[in-house]
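Chains here go by letter, A, B, C and D, matching the order in which they are written, and residues are numbered from 1 within each.
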Amino acid sequence: MDERIRVAVLAATGAVGQRFVSLLTDHPWFEVAVVTGSGRSAGRQYGEAVNWVVPGEIPAGVADLTVQPTNVAALEGEGVRLVFSALPSGVAREAEPEMARAGFVVCSNASALRMEPDVPLLIPEINADHVKLIEAQRARRNWEGLIVTSPNCSTTGIVFPLKALDDAFGLSQVHAVTMQAISGAGYPGVASFDILDNVIPYIKGEEEKVESEPRKLLGRLEGDAIRMADFVVSAQTHRVPVMDGHLAAMSVGLEREASPGEVREALAAFRGPEIVRGLPSAPTHPMIVREEPDRPQPRRDRDAEAGMAITVGRVQPCPVLDVKLVSLVHNTLRGAAGGAILNAELLVASGYLAASD
Amino acid sequence: MDERIRVAVLAATGAVGQRFVSLLTDHPWFEVAVVTGSGRSAGRQYGEAVNWVVPGEIPAGVADLTVQPTNVAALEGEGVRLVFSALPSGVAREAEPEMARAGFVVCSNASALRMEPDVPLLIPEINADHVKLIEAQRARRNWEGLIVTSPNCSTTGIVFPLKALDDAFGLSQVHAVTMQAISGAGYPGVASFDILDNVIPYIKGEEEKVESEPRKLLGRLEGDAIRMADFVVSAQTHRVPVMDGHLAAMSVGLEREASPGEVREALAAFRGPEIVRGLPSAPTHPMIVREEPDRPQPRRDRDAEAGMAITVGRVQPCPVLDVKLVSLVHNTLRGAAGGAILNAELLVASGYLAASD
Amino acid sequence: MDERIRVAVLAATGAVGQRFVSLLTDHPWFEVAVVTGSGRSAGRQYGEAVNWVVPGEIPAGVADLTVQPTNVAALEGEGVRLVFSALPSGVAREAEPEMARAGFVVCSNASALRMEPDVPLLIPEINADHVKLIEAQRARRNWEGLIVTSPNCSTTGIVFPLKALDDAFGLSQVHAVTMQAISGAGYPGVASFDILDNVIPYIKGEEEKVESEPRKLLGRLEGDAIRMADFVVSAQTHRVPVMDGHLAAMSVGLEREASPGEVREALAAFRGPEIVRGLPSAPTHPMIVREEPDRPQPRRDRDAEAGMAITVGRVQPCPVLDVKLVSLVHNTLRGAAGGAILNAELLVASGYLAASD
Amino acid sequence: MDERIRVAVLAATGAVGQRFVSLLTDHPWFEVAVVTGSGRSAGRQYGEAVNWVVPGEIPAGVADLTVQPTNVAALEGEGVRLVFSALPSGVAREAEPEMARAGFVVCSNASALRMEPDVPLLIPEINADHVKLIEAQRARRNWEGLIVTSPNCSTTGIVFPLKALDDAFGLSQVHAVTMQAISGAGYPGVASFDILDNVIPYIKGEEEKVESEPRKLLGRLEGDAIRMADFVVSAQTHRVPVMDGHLAAMSVGLEREASPGEVREALAAFRGPEIVRGLPSAPTHPMIVREEPDRPQPRRDRDAEAGMAITVGRVQPCPVLDVKLVSLVHNTLRGAAGGAILNAELLVASGYLAASD
């Protein structure tokens, strides 16, 4: 008897949706029971409707599912309790609250609700305790279900070293320049005509996310709200001709003085809280510190710990702020589908999603 | 009768040397009379010895020259008065002073002598007046000839907007993250095995140059020395899979407050001094300000004004320092060979190199 | 008084349309008077409506034109006599004949009518005499205007060496494997998600064109029809991560035996007919033969003769057919807009388009 | 007790050598006991001497080994019986026979001895029976050890479909145009300056290998020699900006007529001999036939079956020969280190290498 939790993947035909489907194959706790898509694909077999662009083949069990429209009705009667959302932000803003109201647990990768005061913006290793914000969410909204969100892919790469530095020395200012992979724009996403032999110094809406989300992630849960951390972030985001892996060149101002050696130690000592360690998708080392002068690199480091580890390096004193470093995240694994799945695992571990009914 | 000044190109078979040869074809003031190379190529015909990697064909008049060894003897008896150096730094440190001592005017692209107190580090639009440092150089060293140097390619892209901002508002702090083209590493340079589908967050020796050279370029000539400008620069340099064009994401702290509009105006108003404007290689607009949200881009903007204009854009307020912007330079044209040729033209215009004997 | 012929560019906002606009700037015989576009752009200023993706800036004179809908009415009253079409094939099939009927001279880059028996498929250096097929076209269709077409971009690269070999030795069989640039797919065209670090062994409809068009181009005008040449072509077409320049690896069976040396001579001797040589867009050397073992290369050879010359190389005996070689064409210049403009120039030179009314 | 066969990897610091080291980690039958390198690295720890460029980290057990010089003495006293050679051809020609003479079993990826009449050129699924040529080798050379070789990486991709077609219909002529990944040139290999935004239509020595090796692989073992198959191969080889995966566009002349459907069936039915199927590195499906019009693609198909399966597709009738198709091989896995390891496994299975002493 399979006791796995039946899940739905919303917008399952897109690039991030495909990553969800791919990562959930053989997941020990979850199994894909429903896939949804837009008008064009709804009603067709998933294997026919999808233009499969992620590595590997379409999982056999999912290929045969009929793509459903993205609404509550499609989830009911299927035994689904957990929903992974790869919806575009505009659609997510309406659809996700309806599902939470109808009793579903929604783990969303969309940006729509990330900054809502009563919606946890969650990375288990960073702020697992923010999960308790769900109490306020349910109280205020009278939902049977719930919504938790995962941050922007670039935010994810940046916030790991920030967390370690904040804990050890306090943060005052952060300057981050990202070099982001084309997979971050989904499919078809960036035209090759635009990005071959080129860099594009602009990603719509991205700088705003990178400047605000870290302050919520590193904020403090006080009563029924998150008090935003009070450091300042300045971001400049770029698209580069790389398939996967967002690199960020960071410069950080600290509240207490620290030598590069102390910074390196603080980074290397980072583990995240106990509750995360046994989770199926949790990396053994959530943040890897490399000592070589030329690492991290997207192609060489993005797949560390199955794409779930952040890799940092090039820790140096900064003449303007205090310390410089470079951070890398696999944007569609840890930075999108993998991060949302780890969030769902945390919900199970913290009792917000029963392992079986 | 051709009255053009006969010039030598040192290390003419390398990638920057080839750019010199290519740009000097049909130059109205200069003509290539001597090309030098390392032991492997010396004695062979240039057209045979060179692995021509820059656009266009090898200029016919140069293809037939015999490659000479890089020393004073090779220049004598050829009527050469001007020398363009694309030498590696280690070789330049010995060879260039010997040539200056022997009476040659040396315009060097090498880093060896850039920071010497009595050697001008020159960009005509930025600090044409530093050319007078030559007086001190000659007095101290007792040279008949002289040496002027051009800065690192990334420095060049960064210092144009810095100059405009310094003049208008004063500079306090600069943070610069570069994304540099592979041509900056010469030939063969960066292995495709390292850079395809990748970014390398390290270029040996580059951050040091970008952190120090702007302070000399924007310094003040006081008596027989340059007083370094007193702002601070922090640099993080990256290699990206782009052929030509170094992009820099910059954040700048100003001494006087300025709105983004005032910053844009100050940038757009930049012209450089009168003496530069008629020079053969001088761009009509040395710095182009683009208003589109996604410019400058290396492939689309590097060739502006025959690769001699800097292009800036994305002027925004910076939450950490004062203003953010992005700057682009064609690294092998304005940032290397083209810059050194413009320096030589300035030497003619300012009387340090007679147009004819 | 400007006596240049006023022209319209159909589908002027697309990638090939932009190349037309760019190449026609400062053309000695033609000037752009009308630009047309699809419903989305019609009525807007060209400079606003276009997402300019080709090198250089939007020509000032064209940026201010209002984009017209693509129909006969838009051309009338503007003094236009010549029309360059970058229309998609489906639209071209209807619109181009209507314009020819209304008296316009249409030089089309679309594939729709290329293989019509009474429509010349034209490359001036290859089959300038096919222009006389216009007589049959007018007789049969009762048009005041006319249509001539230019071939597929890959066909163009292949047919130059084939013409030289056919004239010298006769052709029996041709095998061609193309490696095509992403600009050939227009804008946005190929997703970077599909082509970065990849090759796609399929271009919809391309192999059929490459297998049929060369037989018409090298066919013989007999009375009021073209008798197709009777050699056989087999094509395999691929997309590669290159911006511009289609490379073709060819193997050719000849009717008369020929050594590689004789083949090289026949290729090098190719000039095209007298009538083409003085035309404004005609390259001095329409086909360049390179002797280096590793040429032609797309990035290094595509811009030869302003992108209007074909470059061939690697001539070797073929163990299966008779001779192997590699050919390169700049796909959006010679292979698209530039080729159609040269066709129009031929129409002027051969009296089908009066230089002035 | 570990009963694994102790092996040496020759030229272990190069790109193919690293693939050997990587693939042999956790191999059930073999364990790396000795690594050799050139003068520069000999005497240093492998982890220090190697510039690790293949995915994953340096295996801990190998990182600590001291790099040995490449000679017989380095192998003796270490309990080594099996040697994997990634030597350059010039060195292999001397070193490999010495090792075979000294009693070692040498599985070589070098080209030096591939076409020697008494040296098996081996792909287990293609010509496992050629292993018996070892008898003639030992008889003639009086070696205690032996040498088997694996073919060129492009040959490997081409010969799988050829084998299936030869068995089913007989082969007369083969035309193959390859598009090869940059990893095939080793490290540093192809300069990014040469290959970014480019294709290079030349790989030194490659066409000769692709034209000759398939005839030996598909030849027949007759007595103490291989009788070469009598079909003819014509090859044109290209380098493309792809990391891994060599694609070949093939056109094949058959001895018996066959429809595309029959050809597809013959390809899909290919399995290879019984003896190969249980081997640790053998793929379940050695040749995968894809039906989509745009497959195989290097990035999407190279990792099929851990990089050990060939993927073919685009089976179509050929107007010049009989059938066209496209084939893909992972050049450094199946086409190099993986292929040589599978050869060694075949030697164990066929009794030429005892599983334990």
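General remarks:
The rule is simple: a contact is a pair of C-beta atoms (placed from the backbone, for glycine too) under 8 Å apart; a residue touches a chain by one contact, two chains touch by 3 or more.
Owing to the predicted nature of the structure, the values given are computational and were not obtained by experimental measurement.
Chain centres were defined as the mean of their Cα atoms; on that basis the chain farthest from chain D turns out to be B.
Looking at C-D and A-C, the interface holding more C-beta pairs in contact is that of C-D. Taking each chain's centre as the average of its CA atoms, chain B and chain C sit 41 Å apart.
Put simply, the C-alpha centre of chain A and that of chain C have 48 angstrom between them. Between the Cα centres of chain C and chain D there is a gap of 43 Å.
Counting partner chains per residue, chain A has residues 196-197, 241-243, 299-300 touching two or more of them. Contact topology of the protein chains: fully connected, every pair of chains touching.
Across the interface of their complex, chain B is touched by residues 55, 196-197, 243, 299-300, 303 of chain C. By the touch rule above, chain D contacts chain B in their complex via residues 15, 53, 182-183, 187-197, 241-243.
Contact residues on chain C toward chain D in their complex (touch as defined above): 173-175, 177, 179, 196-202, 211, 232-234, 236, 238, 240-243, 247, 249, 251, 253, 293-300, 313-314, 318-321, 324, 326.
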